[in-house]
Amino acid sequence: MQGIEDKPSAGIWIRGVDARVKMIAVVIFIINATTLQDKTLLLTTAFLLLGISLIAGISPVHLVKRLAVILPFGGVMVSVIPFVTPGEPVWTLQLGAFKLAVTKEGWEAAILPCLRMLTAFLGMAFLTSTTSLREMTHALNHLKFPKILILLIDFTVRYIAVVMDELNRMQTARKARGFKPGRGLWDRHTVKTIGSTLAMLFLRSYERAERVYLAMLSRGYTGRYKCCGHCHRIKKLDLSFGAAMITVSWAIKLVDMGGIQWSPLLK
Amino acid sequence: MEPAIEVTKLSFSYKDGTRALDRCSVTVERGTKVAILGPNGSGKSTLLLHFNGIHLVQQGTVRVLGKTVNQHNEQWLRSKVGLVFQDPDDQIFSGTVWEDVAFGPVNQGLRGEELEAKVRQALRFVNMEQYGHKVPYHLSYGQKKRVAIAGVLAMDPDIIVLDEPVAFLDPAGKRALFELLNRLNRQGKTIVTATHDVDLAARWADKVIILCRGRVLTQGEPALLTDKTIVQEAELELPTVTEIFAPFPDLCQPKTPVTVEEARSIIKQLL
Amino acid sequence: MHIPDGFLDAKTWVSATVISTGALGYSIAKTREQLSDRQVPRLGVMAAFIFAAQMVNFPIAGGTSGHLLGAALATALLGPWSAVIVLATVLMIQCFVFQDGGLTALGANILNMGVVGVLVSAGLYGPLSRLVKGKTGVVLASFAASWASVMAAAFMTGAELALSGIPFAVVLPAMLGVHALIGIGEGVITAAVVLAVLNAGFSPNWLRKGDVCSE
Amino acid sequence: MEPAIEVTKLSFSYKDGTRALDRCSVTVERGTKVAILGPNGSGKSTLLLHFNGIHLVQQGTVRVLGKTVNQHNEQWLRSKVGLVFQDPDDQIFSGTVWEDVAFGPVNQGLRGEELEAKVRQALRFVNMEQYGHKVPYHLSYGQKKRVAIAGVLAMDPDIIVLDEPVAFLDPAGKRALFELLNRLNRQGKTIVTATHDVDLAARWADKVIILCRGRVLTQGEPALLTDKTIVQEAELELPTVTEIFAPFPDLCQPKTPVTVEEARSIIKQLL
């Protein structure tokens, strides 16, 4: 679980950009992108983000790995919607007695959310691959995000590493005594073993929480966290990067909203 | 001058009724190195948690630097007595080493330059200066231990209390830790450690306090550890050096050896 | 069941975000009352535990395996208000670190798996474990709570997608059918964990029923 | 007769690229007591995890009781080599002591009478027979350690491997543990422990294996621990007894003492 707290490996130059600016820009980009109606504009946005990501030094392999996380949901949606939407069939699949038909309306309904998903995915990939979680929580703090949530995220991330280590050691110890998970939920021994392992992990975590609290008390903790992080000044480079991203995003959005009315103006 | 810590007839029971301390009276003089010995469950940790005001006094009194500990001087107490917990993962909870060391001073109200200076100084003292930006997860056990100590040092306490500090350290880590504790002691800090390592106590401490089932069995010179009756009652063992000389009572006059140096000087006389 | 970006329309995700923000805020206020200055360390380490618990693979049948959603487990062990916060924290980390679940869909995901999953669990676990005494009650209550929490989360997901104009109504029964099976896995494992925790002498104080494990 | 464990040119790297073992070759003879020494991070634990098939061999070979370890004899291997982890909380997870000790035998397919007998016998061996119905989580550290060992004994292994067995035990717990290990050894079991406690290794082991940065620095008699160059290179320390006699090279002929008994016999001669 060490990946969580590590500095991202990608994004050599982009890592220097202030995390606040990056976050705001990417959030606006994603919100705008997920409301686009025009497929060409969506694709344009996607390629734009892909371009920035690649320029930032994010490896394509990394992107594909990340994509694997959201594919199940997206995949199911794309493979279901075209078949179940009523409309004019464009392609049929004969499975014995069953006949499945992809409808034009269904295809239309599926392709748009999927393009949006992909675009937003690229936006988030760009952000999370070039910014560590710590930089993000730090930025959120300066953006006046509720402090307690930031503290909780920081705390959780710190102890995910510790608790996952405990879990891994417990699983290794089980294996060392010849444990092999059974085939299914009806295997009582397997269910009992998994249940007891998690129960023990819970008790250990619960007690650790108490010890952590005592250790905090002993260093003068009074239930309030006082800010000690220093706030970096936002530099011109940061601002121009943010402004550029946001402008492009809104430009695409405006073209999408009023594309038809714009075209005569351009003539 | 008042002693650093003075505990009088302290009793303590946990909520579930377990009596952890039973009329304990101990004294820790200023500027000394004290080892609290006793088997697991003898009440060592419970006693330590009183020094820092984490456990509130139920019966008896605890005086620290001349002041009687009560609810109103909690914050003062925590800045005077630094507690280093056994498992550094319990103590280092922040995302980076720097932030963790800063936690105590920030609670004391330090900010800006002054804070920076304190944290830097504490990290330098434990030789972890270049690790400030590191994530605790990537540190070795010994490094974590030193960061935990830095977190306490940054609050500039007069008394540093460590619970079982060497349990999982390898020899190099132990050496580094004791070198550190001795340096602190030379600067005038009082150091209290709870341990069940008799060799360590014999070699390092100015005074030993032996606990057994919540009671103070005895306290005084490390030479107490050569007393077989005491050691047996407290379920401890003789220091290795003492064990070697046990069959030779004549050599143990006027004083049974406990440290390597004492052993050597006896052998030198024999040659 | 983590909804990615792009499937929910603006009105749906904004409403979901508003509702879950409210629920989260209320839970934070509630736990602060109960835990006071223990709040952050306790909930932080517990969120780490739930995160770890969700990573554990368990066999379901025929070579397939599953993971816990954790809503019912968190509720049974920590009480509903802590559970909402713990699950929301885990979902936020999953969104920002692993990109599991979309950014605009974060509010909806918290609503489905955190808020609704927890409230349904709490609604069933408390009364059921009081109704049927002893360990049978605990097993029954945690199984029912887990199963229902999975179903509720699946239903919410479907409803939100439908609200967003995705023609989903047709597949909703199928989706609920699948989750009825997934819910069994969640239920069996959660019951096993809760039972083992109680057997070890730990009684969740949000219910104040130490009598369960006094046999 | 083949050695209990024979490791030849074993190398192992973790997924993140850290090289933990680098062409290690070690031999553990049957029925002996072996201590693997080295600082934290020297590869001790990684090596132990190979003995039990938890880590699969990447390069080199591991032979246990004459059979080359591979994926196909995993289950056999786990019944022959019992692994006791450092922290008993990592190992003990069941609701009762009895169930926990039964876990291994149940995985081996034992049921009914036979299972009962095995568990009872293992619990009796570690003196925990009357604790069968207890919740292991609430036992003392030393008791947990013994339950962990019982859990391994119940599988009736020929070789018992312990990672850092004494780190956190108090003297009474240590004594009980070593008495237990010696009893097992007398019954013909091969005992391997990883530790960084040189005194313990010097006192207890028939053979020491010294690891340093993933390599075998040397292996052989415990007397190796009196070699200052080796000890320094491995970031260890001299055994206390050796340290005492270090300034007297004449007394260290023909053999530098490492155990308390050896020290006593030298002193006796001096008198």
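We call the chains A, B, C and D, going by the order they appear; numbering starts again at 1 in every chain.
Rule of thumb we're sticking to: a residue touches a chain if its C-beta (ideal position, glycine included) is under 8 Å from a C-beta of that chain, and two chains touch if they have at least 3 such contacts.
From a predicted model like this one, the values you see are computed outputs, not experimental measurements.
Is the number of contacting C-beta pairs greater for C-D or for A-B?
Spelling it out, more C-beta pairs touch across A-B than across the other pair.
Taking the mean of the CA coordinates per chain, how far is subunit B from subunit D in Å?
Distance between chain centres: 30 Å.
Can you give the whole-Å distance between the Cα centres of subunit A and subunit B?
Computed from C-alpha means, the inter-chain centre distance equals 46 Å.
For subunit A, what residues touch not just one other chain but two or more?
Answer for subunit A, listing residues that touch two or more other chains: 2, 154-155, 157-159, 162, 166, 196-197, 199-200, 203, 208, 212, 216-217, 221-222.
Do you know which subunit C residues sit against two or more other chains?
Where subunit C meets two or more other chains at a single residue, that happens at 41, 44, 196, 199-200.
Can you tell me which residues of subunit B touch two or more of the remaining chains?
93
Kindly provide every pair of chains that touch.
A-B, A-C, A-D, B-D, C-D
Under the touch definition given earlier, write down the residues of subunit C that touch subunit D in their complex.
196, 199-201
Quick one: in the complex, what on subunit D touches subunit A?
Touching subunit A: residues 16, 49, 52, 54, 75, 78-79, 83, 85, 87, 89-95, 103-104, 106-108, 137, 151-152, 155 of subunit D.
Once bound in the complex, which stretches of subunit A touch subunit C?
Residue list for subunit A touching subunit C: 3-4, 27, 30-31, 34-35, 66, 69-70, 73-74, 77, 80-81, 84-85, 106, 109, 113-121, 123-125, 128, 133, 136, 146, 148-149, 151-160, 162-164, 166-167, 181-187, 190-192, 194-203, 205-206, 208-210, 212-213, 216-217, 221-223, 225.
Given the complex with subunit B, which residues does subunit A contribute to the contact?
2, 5-6, 134, 137, 154-155, 157-159, 161-162, 208, 211-212, 214-222, 226, 228-229
Which positions of subunit D touch subunit B when the two form their complex?
39-41, 140-142, 164, 167-175, 196, 198-199, 235-237, 240-241, 243-245, 247-248, 251, 260, 263-264, 267-268, 270-271
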